[in-house]
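Below are structures written as C-alpha cells.
Two complexes are shown next, each including subunit A; its partner changes from subunit B in the first to subunit C in the second.
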Partner chain A sequence: MGRYFTTLRVFWIASLTAELEYKANFLIELVATAGNLVGSLFVLSLFYGRGQSLGGWSWEAALVVLGVYTLLEGITSTLLQPNLSTIVAHVRTGSLDFVLLKPIDSQFWLSARTFSPWGLPGIVLGAALIGFAAWKAGAIPAPLTLLAAALMLIASLMILYSLWFVLAASSIWFVKIWNATEVLRSVLVAGRFPVSAFPTGLRAFFTFVVPVAFLTTVPAEAILGQASGPWLLAGGAVAMASVAVSRWFWQFALRFYTSASS
Partner chain B sequence: MAIVRAQGLGKTYRVADKQPGLAGTLRHFVSRRERTIQAVRDVSFSIEPGEFVGFLGANGAGKTTTLKMLTGLIHPTSGTVEVAGSVPHRRQADFLGRITLVMGQKQQLIWDLPPLDSLRVNAAVYGIEPAESRRRIAELAEMLELGDELRRPVRKLSLGQRMKAELLAALLHRPAVLFLDEPTLGLDVNAQARVRSFLADYNRRFGATVLLTSHYMADITALCPRVLLIHEGRLFYDGSLETLTQRLAPCREVRLELHQPMGAEAFASYGEVEAIEGREVRLLIPRERLTEQVGRLLADLAVVDLSVSDPPIEDIIGRLFHQGALA
Partner chain C sequence: MKVAHARRIAAVLLSSQYAYMLEYRAEIVLWALSGVLPFIMLGLWSAVDAGDGLGMSSLQLARYFLAAFVVRQFTIVWVMYTFEEDNLNGRLSPYLLQPLPLVWRYVAAHLSEQATRLPFVAMLVGLFFLLYPAAFWWPSVSAVLLAVLATLAAFALRFLMQFTLTMVCFWSERASALERLLYLPYLYLSGLVAPLALYPEAVRNFAFWTPFPYMIDVPARILAGEPVAVGPSFAAMAAWAAVLLPINLLLWRRGLRHYSAMGA
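Let's look at the complex of A and B:
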C-alpha cells in the first residue's frame, strides 16, 4: 500500500512538472471556467426571474447544485479527463503493453497517472459558490451535515469516475471511443440543475440510468442538510457498486485485450 | 535449469473476413464472417540463463506474437510457457519485476519531460529506493554514454538518444530476462553499434538472458551465438548462426579478377557462374570443394586477384523468406 502512495506522489509531481511547461493554459482555463459559470448563472437566473422556483428548489439551493457541478467539472479536468482519455490512446498505439508490464495495478496506473492543475480554478470557484449559496440558503454547518455532505461528494466522484472509466475501457473493443466519452460529458451537463427540475421521464433516466441525480442533486441536498437517510444510503450503495463494476469490467476487458494482438 | 521454456506453444486469432470498400463493409456489418489465423503453431524451445538468443523471421512470421506470449501480454491458445519460474500471463508482480520488454516502435518515456522524471516514476513503480535508483541510473548512463541528455525533455532528443534512454528506463529494475523487439529500428549505423555494444556489455555484466529480434542482421551476427528462426508460425531452426548459414548457403562466393576477359564456358568445371563483367567473374563453389577448386583456378588461369566470401546473411535469409520455401 505504501508503494502506491509513493507512486502516486511521483506520478503527480511528474505530471505537474510536465503541465507547467505550458503555463498559459492556467489563464485560459481560469477564463473558460469563469465564463462557463457566468453562462450557467445567467440561464439559472432566467428561471427565477419572476419569482418562480425550479422543481421546488429556491434560487440559493439551486446555486448549491450549480456549485457542486462546477466543483465536479474542476475535478474532472484535474483527474478524470487527463487520465481516462489517455486509455483510448494507450489502446490505439499499443502503449498499454507498457502499463500491463508494470508490477502495479493497471487500473490504478491508468486512473491516477496524471494530475492536471488546469481544473483547479473550477474546484476553487465551485467550492466558493457552494459555501456562499449554502450560507445564503441558511444551511447550518452542523458536524453531521458536513460529514454527510463530504461522503456524498465522494460518492458522487466515485460514480462519475466509474461511469467514465467503463466507457473508456470499452475502447479495448471499439478503439475509437472518444466520442462516447464526449457524449457522457454532455449528458452530465444536466447536473447543473436540480434533478427535480426535469420532467418525470427524464428524472427517472437521470436517477436510474445515468445517475446524474447522485452526482449533484443528492450532494447538494446533503450540504443543505435536507438529505434523507434512504437517499444517503442509496448514494453510498450506488457509489460502491459502480466502483466494483468498474474493477470487474476492467478485468473482463483485459481478458479480451490479452487474447488479441495489436 | 532453463529460464525460458516454451512447450508446444500455439496461438490462433479470429479475424474478421471483410471485403474491401463500402459494400464489403456493409455486407460484413450484416453477416459477420470470421476466420481463424494460426499465428504460432507448436513452437518449443528453452533458453538457459545468460544466453543471448536472436529471434529471426519475416514480418508476420509470428515473432511478436511469441514475444507477447513470453511476456504475458497475450494468452497462448495451446501449449505452455514458463519464464523466470512463472507463468507469464498470470502477470504476477514478482514475475513482472524480473522481465522487461523493449519495443523499438513504442515508447514509455514521458514526451514532455526529461528522461530522469520517467525514471523516477519507474523507480517508484518497481519499489526501488531513491539512493539505489540513483546508483543504477549512474551506472547504466555510463554504460550507455548518456549524460546531459537525461535532463533534456524527451521530445528534444534524437532518435538514438531516445532509444538509449528507453533502454535505461526498461532496465532500471535490473530484469533477469530481456525481450527486445527491434531495439535498433531506424537508428543510424553509429547509434546501432553503440546500442549493440551496450547490450553485449549488459549481458556480460549482469548475466542477463536476452531474446532479441532485429531486422538488421548485423545486430544478430554481432550479438547472438544462437538463433531461433520462425517461419509461418513454426520454429524452423534452433542453433548456431554459423550452422544456419552453412545450411542455407552451402556455397561460398569466389571473386576473380582475370588478366583478360574470358567466356562463361571456361568456368563451368569450377563452379556455378554468378556473373561476368569484363575481367571480373563471380563464381559459387560448394564449401566442401572450395580449397580444391580455388587451387585449380589459380593454377589454370591468369588470375590477378581472388577473394572468397560468404554471401551476406541478409541476402540468404531475405531470399529464403522471399521464396517462402524452407526445405
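Let's look at the complex of A and C:
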C-alpha cells in the first residue's frame, strides 16, 4: 500500500511540473469555470425568478446541488479526464503492453497516472458554493450530518469514477470510443438540477439508468441534513456495486486485449 | 473554365471527405448523441407549472427545443481541434503546399460530417415524435426552406468565428483552451438552454447585440413556426460576418508568416 502512495506522489509531482509550463491555462480555466457558474446561476434564476421552484427545492438548496456539480466537474478535469482519456491512445498504439508489464496494478496506473491542476478552480468554487448555500439554507453542521455528507460525496465520486472508467475501458473493443465519455458528460449536465425537477420518466432514467441522482441530489440532501436512511443506504450500495463492476469489467476487458500490430 | 474547375475540386473534396466520415459513422453517432442538452432542458421546463406567465405553451416549448436540437446538430463546428492537431502533428505543411486554400478542406470535412449525421438525426426526431406524438407538426415548405438557409448561415458564422480564433494556433500550442471561453457565451446566449423569449428583457436585448442568438434561437424559431424578424436577423448575421472576415484574413496572413513547421 505504501508503495502506491509513493508512486502517486512521484506521478503527480511530475505531471504538475509538466502542466505548469502552460501557466496561462490557469487563467483561462478560472475564467471558464467562473463563467460557467454564472451561466448556471442565470439558468436557475430563469426558473426561480418566476416564483417557481424546481421540484420543491428552495433557491439555496438548489444552489447546493449546483455546488456539488461544480465540485464534481472540477475533479473530473483534475483526475478523470486527463487519465482515462489516454486509455484509447494506449490501446490504439499498443503501448498498453508496457502498462500491463509494470509491477503495479494496471487499473491504478491508468486511473491515477497524471494530475492536472486546471480543475482546481472548479473544486474550490464548488466547495465554496456548497458551504455558502448550505449556510444560507440554514443547514446545521451537526457531526452526523457532516458524516453523512462526507460519505455521500465519496459515494458520488466512486460512482462517477466507475462510469468514466467503464466507458473508457470499452475502448479495448471499440478503439474510437472516446466520444462515449462526451455523451456521458453531456448527460451528466442534468446533475446541475435536483433530480425531482424532472418529469417522472426522466427522473427514473436519471436514478436507475444513469445514476445522476446519486451524483448530486443525494449528496446535496445529505449536506442539508435532509437525507433519509433508505437513500443513504442506496447511495452506498450503488457506489460499492459500481466500483466492483468497474474492477470486474477491467479484468474482463483485458482478456480481449490482443495488442496492436502493424 | 474556372467555375468548372472549382466545381470538380469541390466534388472530389466532398466525396472523399464523405467516404472518410462514413468510416467513422459510429463516432459521429456518439457526437450527435452528446447534443442532448435541449432535451434535458425541455424536461426541466415542461415540469415547471407552465400555466401562467411563461408565455409559451408546453407544445411550443417541445417544438422549440426539438428544433434547437436539430439546428445545433447542423451547426456544430470543431475546426479548431482538428487544426490544432494537424498543426502539432506536422500535417499542416503538406496541406499548405497544395494549390488550394486550406480552409476549404475543413469546410468540406464539416459538411460531409453533417451529411453523415443526417439519417441519425432524422431517426432521433422520429423517436421524439413517437414518445411525444402531441408535439408533431408539419412546418410549411417556406419555413423549412428559410430554416435551412438560416441554419447554413448560422453554421457559416460559427465556423468563421471559430476559425478566426483558430489562428491563435500559429502562436500557441494550446489554443483550443480558448474555445472553452468562446463556448460559454454561445451556450448561455444562443438559446440552447431556454428560448430567448423566456429571458428577462434586459438580457434578451443584450443577447441580440451579440452574434450568438442567430446561431440557435433564430433558426430554431423559424423551424418551429414562431414569429421571427427574418430580414433583420439575416442582416445581423451578414454584418457579423463582415466584421469577422477581414480579421480572419489578416490573422491568417500574419500566422502563415509566423508559421515554422512543427517537427513530426
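In this section, the second predicted complex is superposed on the first by the 257 of 262 C-alpha atoms of A that agree within 3 Å, B and C clash if a C-alpha of one lies under 4 Å from a C-alpha of the other, contacts with A are read in each partner's own complex, and residues count from 1 in each chain.
Assume a contact is a pair of C-beta atoms (placed from the backbone, for glycine too) under 8 Å apart; a residue touches a chain by one contact, two chains touch by 3 or more.
On a predicted model such as this, the values are computed, not experimentally measured, just so you know.
Peer 1: According to the stated criteria, A:Lys23 is in contact with first (subunit B), second (subunit C), both, or neither; which is it?
Peer 2: Neither partner.
Peer 1: Look at A:Pro199 in the shared chain and tell me whether it touches subunit B only, subunit C only, both, or neither; answer first, second, both or neither.
Peer 2: After superposition on chain A, A:Pro199 lies in contact with subunit C alone.
Peer 1: Compare subunit B and subunit C by how many residues of subunit A each one touches, and report the one with more.
Peer 2: On the superposition, C touches more of the residues of subunit A.
Peer 1: Across the complex, what residues on subunit B touch subunit A?
Peer 2: Result: residues 13, 39, 64-65, 68, 71-75, 89, 91, 93-94, 96-97, 99-101, 103, 106-108, 110, 112-113, 117-118, 120-121, 123-127, 153 of subunit B touch subunit A.
Peer 1: Show which residues of subunit A lie in contact with subunit C when the two form their complex.
Peer 2: Where subunit A meets subunit C, its residues are 22, 25, 28-29, 31-32, 35-36, 39, 42-43, 46-47, 49-50, 52, 54-55, 174, 176-177, 179-180, 182-183, 185-187, 189-190, 193, 197-199, 202.
Peer 1: Name, in rising order, each residue of subunit C that touches subunit A in their complex.
Peer 2: Interface residues on subunit C, with respect to subunit A: 24, 26-27, 30-31, 33-37, 40, 43-44, 46-49, 53-54, 173-174, 177-178, 180-181, 184, 187-188, 193-194, 198-200, 203.
Peer 1: Provide the residue numbers of subunit A that touch subunit B in the complex, in ascending order.
Peer 2: Per the touch definition, subunit A meets subunit B at residues 3, 6-7, 9-11, 13-14, 17-18, 21, 93-95, 97-98, 100-104, 109, 258-261.
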